[in-house]
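Order of writing sets the chain letters: A, B, C, D, E and F. Residues in each chain are counted from 1.
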Amino acid sequence: MTVIDHALTASLYMVALAMLFSLYRLLAGPSVPDRILALDTLYINTIAALILFGMQLRSSIYFEAALVIAMLGFVGTVMLSKYVLRRDIVE
Amino acid sequence: MRRLLTSPPLSLAVLLLWLLLVADFSPGQLAIGIILALLLPWLAGMLEPERASFGRTIALLALTRRVLWDMLLSNIEVARRILGPERVLTPGFVWIPLELTNIHGITALASIITLTPGTVSAELTGDRRFLLVHCFNLKDADAQVAEIKARYESLLKEIFP
Amino acid sequence: MELALASLIGLLSAAGVYLLLRARSFDVILGLTLLSYATNLLIFSSGRLVIGKPPVLQVDEAGKAIAPTLAHYTDPLPQALVLTAIVIAFAMTAVTIVIAMRSRSDNGSDHVDAGGEGMP
Amino acid sequence: MLELLLALPFVFAIVVLLHRSASRRTTAWLAGAAPLIGLGLLATLTPAVLDGTIPQSVHPWIPQLGLAFSLRMDGLAWMFALMVLAIGVLVVMYARYYLSAEEDAPKFFGYLLLFMGSMLGMVIAGNLLLLAIFWELTSISSFLLIGYWSRQNEAREGARMALTITGAGGLALLGGVILIGQVVGSYELDAVLAAGDQLRADPMYPAILALVLAGIFTKSAQFPFHFWLPHAMAAPTPVSAYLHSATMVKAGVFLLARLHPALAGTELFFYVVTSIGAATLLVGAWNAIFQHDLKGLLAYSTISHLGLITMLFGLSTPMAVVAGLFHILNHATFKASLFMAAGIIDHETGTRDMRRLGNLRRYLPFTSTLAIIAALAMAGIPLLNGFLSKEMFFALALEIEGHAGMRIAASVVAFLAGVFGVAYSLRFVHDTFFGDGPRAVDREIHEPPRFMKIPVEVLVVLCLAVGIVPAWTIAPVLATAAHGVLGDAVPEYSLAIWHGINLPLLMSFGGVIGGALLYLGLRRLINLHAVARHALGRHLFRVNTRALLTSARRFTFHVTDGSLQRSLWWVLIALIAIAGLPTLAALADGVGASQPMPVLGWAVWLVAIAATVGTVLLHRQRLLALLVIGAVGLAVSLIFVLMSAPDLALTQLLVEMVTIALMLLALNYLPQESQRTDDAARRWRDGAIALVVGAGIGALAYAMMTRPLDTVATELLARSLPEGYGRNVVNVILVDFRGFDTFGEITVFGIAGLVVHALLRRARIAADEVVPGVAGPLPMPSNLSHLLFPLALAVSAYLFLRGHNAPGGGFIAGLVLAVPLLLQYVLLGSQYVESRLGFNYVRCIGIGLLIAAATGLAPMLLGYPFLTSGHVEPQLPLIGTVPLASAIGFDTGVYLVVFGGAMLILSMMGTVNPPRPPVRRAQPAPDSPATTGEDA
Amino acid sequence: MIAAIDTAGTLTTLGAHLPVLPILLPLLFGAVLLLAERRGIAVQRAVSALAMAVLTLVAIALVRAADADTISMYLVGDWPARLGIALVADRTSALLVLTTTLLAGACLLYACAGWDRRAIHFHALFQLQLAGLNGAFLTGDLFNLFVFFEVMLIASYGLLLSGGRGPRMRAGLHYVVLNITASTLFLIALGLLYGLLGSLNMAELAQRVGQADPSSLALIRAASGVLLVVFCAKAALVPLYLWLPNAYSRAPAPVAALFAVMTKVGVYAVLRVYSLVFGSEAGALAGWAWEWLLPAGLLTLVLATLGALASKSLRMLVAFLVIASAATLFIAISLNTAGSIAAGLYYLVHSTFVAGALFLVVDLIRRQRGAIGDNLDVAGPLRHNAMLGLLFATAAISVSGMPPLSGFLGKVMLLDAVPADAVAWVWSVVLATSLLTVVALARTASQTFWRAQPWPDTTPVPAPPSRAQVAAVVLLLAYGIGMTVFGGPLMRYTDAAAGQLLAPADYIHAAHATAPQLREPSP
Amino acid sequence: MNAALEYLLAALLLIGSGFVLVGSLGLVKLSDFFKRLHGPTKATTLGVGCILLASIGYHAWIGDGLGLREILVTLFLFITAPVSAHLMSLAALKIGLQRRPPRPDAETGGVSGREPDEAGH
């Protein structure tokens, strides 16, 4: 185990914990925007998890997944917010 | 050329993106990249809600450097605040009167405000004259407005006249 | 790992079934969605649970192909099946949602049954 | 020849039915031609039949089943054919004048000919299955004939009752016939009739007998199935004269005669058939006395005579068979003429009610004379044909051997039947032709047209001729028929009128006296006209039918009440029932151990579990449930990431986004919260079954996962690169190994788009809740997403091109194209986007499917199977070697269909129109064509 | 397109591709029809007619080819059966393809009288539905069967609901949700089976079930139990039939008529999977399903007949008769003898045609009864009473198993084939329900055709049935009559088909023996 | 190989995931929506950026060559995070989680665009 492996392990722990924090907000609310924010954060946490996991496996096979989340993960946030704003998300 | 290259910066971005993605600078990939770089901005251009022109793009570099640095510094600040006691926080809204009229400029300013910690751009008025910003820890509203305008809006006005 | 996944599959199924029986079109759709997660995970798990061996053929450091066996790669077939299943489930969900919309609009209620609660 | 004979009535039936506008006269001539020509054909066959040879013809039909179209005319068949055709001619002639001008004569004669053909087919069938077919055809055609006056409730009910009872018998008969076939190994009559000993010895014999007799007794209106016959009197009188006296009701006794060599001759047969016949004889005769309707009286009388014939066949001795056959003929002649007379009376007076009739001998002297003679034949008065066969019956009853009890009982029954027969005959004659009356008749009564009387005259003359000189008239016919049944075992018998003074003669004499006394006594004791007989049979039939119907309704509407939940509930019950025990058994067989899981895995697991529970808890607040279920989807894709499935993770992520979009779009048109209408008990019950099912599935999954596996995957991995030209084995499976699945999958996807399009294109749906105010522009987000759009397209192209070697591929790329476009719809509005980017998504789907298909078709031109993949590496100037797998063509199709389908669905859902203002906003219309013309 | 090419060489080449053509052609025509939509209804009808003509020829060729004594395997993508997907044309699948095609031709004809204008994408969806149906019949791969089930189902949703509204939407929602639930269970079963046996090819599965480790037998049994529930739900077996009456009775007539074959797909799937994978080669699990299916089939038959008796509308009545016919099929196949399966196959074809005809003729009647529609209430006298009556009577006689039509022959074949130990139950149920069906139909006919009150003067005179509509019904009835007249050759065929089904070893052998053209065979 | 690089990467990783964690912690800890909005939109974004940087270095370090593709992830995050935050604030303002201050030019009546939607939920 090199330093970096330890750092990776620690990072994974931290990211896992971060995901649980986001989960808490998702379930606890109280408001809808809070939950949207929590889901959005969960997506971003996922990117971190993907990259870390790829490093641990020494593989870049999950890069595309991270890319797609970074690029399109916010679409859900946009739509949900738009729903709260207007109900009709495609006007 | 104008018809072929609807938006040179966007075309450049697409080409760069392509080459970064395939991580292969062979002639074949370059060719595909160029085709995409010409095709996609044109396609996207059909949807472009409003056109706006670019000005001094060289200022972009200065702005990028400034933003990255600010991000780093104030992230640390926000992290400290989150970890620290919450009651010392004094959050609040401020309206920032905009001098920018170029939509790209406004967008960039709003994004920068959001990306730099402590502030989130919350709303743009319909007439685009004011940007509502939520500050994580607002002490002096006027100073905050002045700082944002000085640090970012001035540079942005050069880039997006 | 297996126990965790199996318990998740079980919970998803139970939750899906419960929502399916709630008889409001939207709840039913949520239930079907949960059930489809459960299903996908179950099919997926039929290739067994393997960490870090995606079925994308690689070369090793020396540039030599890694032997294409189950020792180095996980079973790709269930993954292909799940892909198909996901797509089909999506298509079905879309159709169900639209029918639910139409049914509510035409019939004035989002209850799936005409006479309200029908007791089995 | 036999075929021609059989075809005649059917051909003429079709001719008549096709010429609906033809006059009564023409129609009647056509209808009469069939039996007339038939009689001619029969005449040419007669010499052979009389010789004792059996004209036959066999056409194979379904040899595997033993069903052949074989026809066979032995003496019995000949006698019945003669009866069917001859009386057929008379009935047609009679009906020509019976039917009024307004009535639909072609329909009547058409049905009558269909019946005639069926009856003829039944009697000359040489294969038992074929016989059963014609047997049922007589039921069907009689249904049509009884219901001819379809506006009358009585007619419809009578028709249904007859069909139900005789149909039931027909099914039983079919069963019996099949059993006979299984025992004998053939349905051919020759074989069956020769296998009597084998049949009687077979353990299935009681079952066979029960089934066959059920058919016979229902058809021939034997007690307790007799009640349908009086109700069949709702039919026009020619029908009654034909079907209910001469032919159809004789089908049962015909079959008794037909199968006599095969089934008769056992104690069982003797007791059952004789007792049922005796019971019918008495019940029919006794009831006949109390009828007020002329046809009702005749119907009960028919029942009684059928009982007599049945009883004779039950006795089973050769002599009894002869007597039975003889009585069949006699009854046909006198009863048909009586029905026709009743029809004339009805026709001329407008009523058949004996309480209103009387004294008709003054008005209809000629008809009265004929009817009285026929009635005397029915009563068994000497010098008429009825007397001869009845006396034979008395003699046979007195001669029963070996069953002293039966002998006495049968003799008593026979005598009583004689008494009753005389009594109802007297009533018929007295109440109709003598006494006072007629009462309350609204027309002038005169003799019917000449040709309407001729059939009656002919039949009455036959009654007399047979009764006076049997040896010159009926003897050859009877001999032939008897030979057909008994073969060489035909006994010596004499058809003389006078056998000296013996017990049978005394019985006859006593019967006449007793009958007269009974009738007069009854008249004196009670007011016969006031007796109201309620038909117990019909009552029971009605009650049972109604009970059946009510319980069927109650059950059906209780169970199939259109409840989806009930359907689903039963699916789950079935699942538990069929897979529950094996699951427990599998767990008992032992399961393997679990591998350890990394910490990220636990976090993801926790997210998934908590979000699933959250979804259930929050499901009534729909937006929240949607948010939470999004986390489940994300967790599932993370599980795919952890467990080495990058393609799956990507797909799941993208589908998740689109699904959220879909649900949000729909939620706009659905209530924001689920109303709670179910009670706690129900929720607990549903929860319990959900837990059982979930636990079962989880247990199965665990047991499966922890077991070693030998899969075809090794081979797939090994052959992916060299033969599928791709490193991403999942993608190679999708576009090559199992490309056909993918083809189906994109078809599903495309169809989903089409279905959504079809459902929403013309729909107008009100949003659940409208947010006030006009939509504001969102300049900042739309500007940024516009920047993102071309980049996303580039990523889509990237994922598409490299999918064969790395995670990606047509499906993923298609969605990566669709999602950013969806974002444009969300931020810029659908009208704006569609006015700028005029995609026709439907065409996109079509073209995509064609491209995918074309890729698959290309190798077929070279002689290889559909979807065989190929690979080329062309050298292009400047660019160098370009590896091209044909799979990329297929993937292009996938790409287009996925993009087109997803966008079609999303754009249709996004552009639903609100309902037009009030004028058109009607109540939701049910889909009955009356109110909406839905599928006009 | 293909019919135009008449050189012998091309035909030989096409002959090699026969098993894939019944799937491929409707798919292609479906796609073409999508593109042809803007050219108007006449062009679409022409393309559809061409599609049906070609497909009919192909189906006939397929049956003729299948009537040779070999099972032909078509390796899609030239992959060995166990790696890729193999299509299998044996007598049974070929017969079902032909049945579907013939039925579909009549349904299409009927729809072309006007419904196809009202239902958006009708022609394309119709072809795609055929692709799904034929795919389900021809595939030799269990997962591929799932995929084609879905193709068939989703197209059926479109056909059922396109142009509809109101209660039909609700009925559609039920139908969809129930089918999705069933599909979910299908996938669960597939996942378990793959996870236990490591293959999806049915021949391979059959072999592997036979050699399975005893410790996994209970698991396999559970998985195949789940699968059985799925198929039985599609085939509307008790207690899973509750969904059908509503869905079918609300469907537009040509669609309902086509749906007559949909329950048969479920029956076919049971027959295929449980005679092959869990058939005589399956060792300890051989034939376990039959003992469940026989009582269920008998019970379904009784309940469906009660439903028919209880029906308050003509369409509901026919829907229950469809359930009853599926139940009869289950009885036939679960008796699992050569004779009963042969009888079942004959009955399957018969009941498909006759149910289709009934749906259509009931629709014609409904249109003549104004506001009363197909409800069994007193209406005015039916216009075109004689013609409709004749059509209805023919169909009713056939469906109730009265002689002399195909229903009678099918029933006799079945009764004749019942093994001695089951005779008591099967016979009493089959005969009793036949009687009740006769009662129900007689009641209905008397209500509809005989009982009448004069129409109010205000009632508009309905348009007479169009020629196309009548022709469609006549065509379907003619198929039934043809089945009666040519019962002999047909029964020889079904006998041989049953023989193939009862010899899974031959099927397995064919799967192994069929080598790819280019590639190496599987070891 | 290069120990300094290794330590640098480890530090980047820890800093990055630290930011990610803090961002999510903010979600849990802070008391109202607008305060919580700050955590994820930037702390998390920056954290992911650091991790990506580490990833680039790591893959170069283990000899996969210098792939700069991870920059794209960061780029996309920087483009999209403001959109998300902006829309979420709009949503929060819409349902009245907080009131806006009056527009500076409200009295002068120079408002020509959209009136801030003050209606509470």
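In this section, a residue touches a chain if its C-beta (ideal position, glycine included) is under 8 Å from a C-beta of that chain, and two chains touch if they have at least 3 such contacts.
Predicted model, so just to flag it, every value in this text is computed and none were measured.
A.B. asks: If each step moves to a chain the current one touches, what is the fewest number of steps from subunit A to subunit D?
C.D. replies: Minimal hop count between subunit A and subunit D: 1.
A.B. asks: Taking each chain's centre as the mean of its CA atoms, which one is most distant from subunit B?
C.D. replies: D
A.B. asks: Name the most central chain, where centre means the mean of Cα atoms.
C.D. replies: E
A.B. asks: Comparing the two chain pairs, does D-F have more C-beta contacts than A-F, or is it the other way round?
C.D. replies: A-F
A.B. asks: Centroid of subunit A to centroid of subunit E, CA atoms only: how many Å?
C.D. replies: The answer is 48 Å.
A.B. asks: Subunit A to subunit C: how many Å between their CA centres?
C.D. replies: Comparing mean C-alpha positions, subunit C is 21 Å from subunit A.
A.B. asks: Round to the nearest whole Å and give the separation of the Cα centres of subunit C and subunit D.
C.D. replies: Spacing between the chain centres: roughly 42 Å.
A.B. asks: If you average the Cα atoms of subunit A and of subunit B to get two centres, how far apart are those centres in Å?
C.D. replies: 22
A.B. asks: For subunit F, give me the residues that contact two or more of the other chains.
C.D. replies: 18, 23, 25, 37, 39, 45, 67, 69, 72, 76, 79-83, 86-87, 89-90, 92, 114
A.B. asks: Give the residues of subunit E that touch two or more other chains, as numbers and ranges in rising order.
C.D. replies: 143, 147, 150, 154, 157, 161, 165-167, 170, 173-174, 177, 181, 188, 191-192, 194-195 - these are the residues of subunit E that touch more than one other chain.
A.B. asks: Mark out which residues of subunit D touch at least two other chains, giving numbers and ranges.
C.D. replies: 562-564, 566, 568, 570, 598, 602, 626, 642, 646, 665, 667, 697, 701, 704-705, 709, 711-713, 716, 737-738, 741, 745, 748, 751-752, 755, 759, 776, 780-781, 784-785, 787-788, 791, 795, 806-807, 909, 924-925
A.B. asks: Can you list every touching chain pair?
C.D. replies: A-C, A-D, A-F, B-D, B-F, C-D, C-E, D-E, D-F
A.B. asks: Which positions of subunit E touch subunit C when the two form their complex?
C.D. replies: Residues of subunit E touching subunit C: 143, 147, 150, 154, 157, 161, 165-167, 169-170, 172-174, 176-177, 180-181, 183-184, 187-188, 190-192, 194-195, 200.
A.B. asks: Show which residues of subunit A lie in contact with subunit C when the two form their complex.
C.D. replies: Those residues of subunit A that touch subunit C are 56-57, 59, 61.
A.B. asks: Give every residue of subunit F touching subunit A within the complex, in rising order.
C.D. replies: 6-7, 9-11, 13-14, 16-18, 20-21, 23-25, 27-28, 33, 36-37, 39-40, 44-45, 47-48, 51-52, 54-55, 58-59, 61-62, 64, 67, 69-70, 72-74, 76-77, 80-81, 83-84, 87-92, 94-95, 97
A.B. asks: Quick one: which bits of subunit D touch subunit C in the complex? Just the residue numbers, please.
C.D. replies: Touch list, subunit D to subunit C: 561-566, 568-570, 572, 592, 594-598, 601-602, 605, 608-609, 612-613, 615-616, 619-620, 622, 625-626, 629, 632-633, 636, 639-640, 642-648, 651-652, 655, 658-659, 662-663, 665-667, 669-671, 674-675, 677-678, 682, 686-687, 689-691, 693-699, 701-702, 704-706, 709, 711-714, 716-718, 720-721, 727-730, 733-734, 737-738, 741-742, 745-746, 748-749, 751-752, 755-756, 759-760, 763-766, 805-807, 811, 898, 901, 905, 908-909, 912, 924-925.
A.B. asks: Within their complex, state which residues of subunit F touch subunit D.
C.D. replies: 76, 79-80, 82-83, 86-87, 90, 114, 117, 119
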